[in-house]
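Written below as structure tokens is the structure these notes are about.
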């Protein structure tokens, strides 16, 4: 499984499958842990108090939905990138671990967003996602530079995918600046991502049709 | 892995395996997190107090069993559906993420059910499961409409599976209405699902025998 | 993936792989959640207080080690059984879900064992494991009866494996009786499992050599 | 799946894939649980108090990063070793379970490191990692001794890999001694691992190039 080659590169279906499986495990756990941020009322509370408490937690529910879609999006992009990766080396594994470190950090940033008022949690959340996207772009460029991609990927696709990975980074980094004007406005600016995503889809779709 | 085709469709064993693997991860975590809803007594409590406390938690244990079987059922249906799915596109991935978002929400609804008295948790729980089933039906119809199923699936099977997916949605949505009469009665009505399941099995069994 | 056959049986490598993958996910999460039972001192405690508190938790550490080996053993047996399973039907999937429901319950029983004094947690723990083993034996017999095993498995192996699955059930059920004399003694009796395991290994080893 | 051989050895792609999948699950959960060590402020706290509290938690964030990289490294080494493992027997499975027991213990040691002052958590943390490395070395030597590795692995590679596995054990064991002088200094000594890793990479790289 995974035949070793000169210069430490490894290839082979099982090695790649295990790399993807470990990554998917981290994605699946991080995305499912999000639910733990929504607190359950004490079992001793009366029905009315409990209901009021759950309803007061709607920002937590909103954070859950946003972060589930955000991590889901990172998983889809990771999945899509890994369809083009044919082999890996030690440094690629390390970059992937660092990337997963940011993914696993998202549940913490999410719970700050639901629980702490003001600009600070917005900055932490947007900062986490900006860095996550940048690390993914580095991973992708690394795979291209060290010839880990399959033969059908050309320079144009590499540029398109890089652009689509970095678009959320630009939105989130921008929202950090906006948060100094208004934390609310910064959060609303994330809606731009919906258009960024459809823009990326068009780019990737066109690319795929060409490939 | 996963050859890209025109119009953004992807096929291939590994892409599908990774999609199933990520989904299974979320299912496995959501189903295993259920146990965290059953509280453990403080280690400083005396034996008698601790035993009394555990015994008072029998609704939590009951919720655990119900939700484990409910999520287990969703996994079995998802597994069964994915045996017919041959390829996927970006929108199918997104629908699957939204579906998993509802699956991962079930542990929260479950803990409400065990901890909060009255009609409210029954509505949240039944509402979550109604929506979960509806999203799964949408996922299934999407796969059929956009030709992601393998060639052996015909229109009759698609209708049968849709019906079997939506049967729990009908039971759970109905129990929301019943909860306005009595929360207890609404929970008892879920027992109907046992018959719904056996009905579905007969439908699917017949279908499979034909196929 | 997974070709459907008459009478609802499914076979095929990918269906089985996904069944095993979901089961492994539940095993992996249940076994890793065990660590959450060992409490971390408050970050405001002084070094001396924190150290004393951690040291007082040695029963939790012991519970962690015991339950990790117990769940590890169940995984090894499940893994070994599934090497002989070639296909599955709907009822087999359900039996496996029920089996996993008991596996996922073990972290709760474990935390009772570490935190609550007296006979009660011993009974819950031994009872959980007795039932877990019985459900696994039912799963195994079901696979044999409904012809889901591969052709190389004969009646003698089925009996040997059943015996080896039920040996821990006998030990744990016996320890429940012993706990009415002494909870301590009941826990010591679990050491018998070490010999039971080596006995099973010899049985399985001999079987494998014959096969 | 997994053909049984005389003397209880099993081989075959699916048995190995499941062994790797279960291990990856434990790795993925242990590494993602690390985030739970970073506490989220109470949702009732004011913004200023909450921010101050998060900033005071920087040792927890540092522990998160260190332990994520440490577990990530163990995963990479495990992954790399398993590329050379072709078959397994019952004892190999047990050694792997014991190894995973130490991996799953790391989140607890990590949270001690972030929350408890003084020498004690440093000793627990370094002790956990020393034992983890030793168990992995035993696993690797066992695979070599009982002929579970594929044919391309020679005695020189076995020695090189053993050395690279035990290098962190030496650093961590050494840091326990250093902690009796200064807990701070002991933690700084872990930076040596960065060089140990690059040293190992060179060793493995050379080995791979030869093979």
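A few comments on the model shown:
In this document, chain identifiers A, B, C and D correspond to the written order of the chains, with residue numbering beginning at 1 in each.
We adopt the following convention: a contact is a pair of C-beta atoms (placed from the backbone, for glycine too) under 8 Å apart; a residue touches a chain by one contact, two chains touch by 3 or more.
Just so you know, these numbers come straight off a predicted model, no measurement behind them.
Rotating chain C by 90 degrees superposes its CA atoms on those of chain D, with the angle stated to the nearest 5. Looking at which positions face the partner, chain A and chain D present mostly different ones, since fewer than half of the interface numbers are shared.
Distance between chain A and chain B, defined via averaged C-alpha coordinates, is recorded as 25 Å. Within chain D, the positions touching two or more other chains are listed as 17, 21, 25, 28-29, 33. Listing the residues of chain C that touch chain D in their complex gives 13, 16-17, 20-21, 24-25, 27-29, 31-36, 38, 40-43, 45-47, 50-51, 54, 64-65, 68-69, 72-73, 75-76, 79, 82-83, 201, 204-205, 208-209, 211. Taken together, the chain A residues at the contact with chain D in this complex read 1-2, 4-8, 10, 14-15, 17-19, 21-22, 25-26, 28-30, 33, 37, 39, 90, 93-94, 97-98, 100-101, 104-105, 107-108, 111-112, 114-118, 120, 124.
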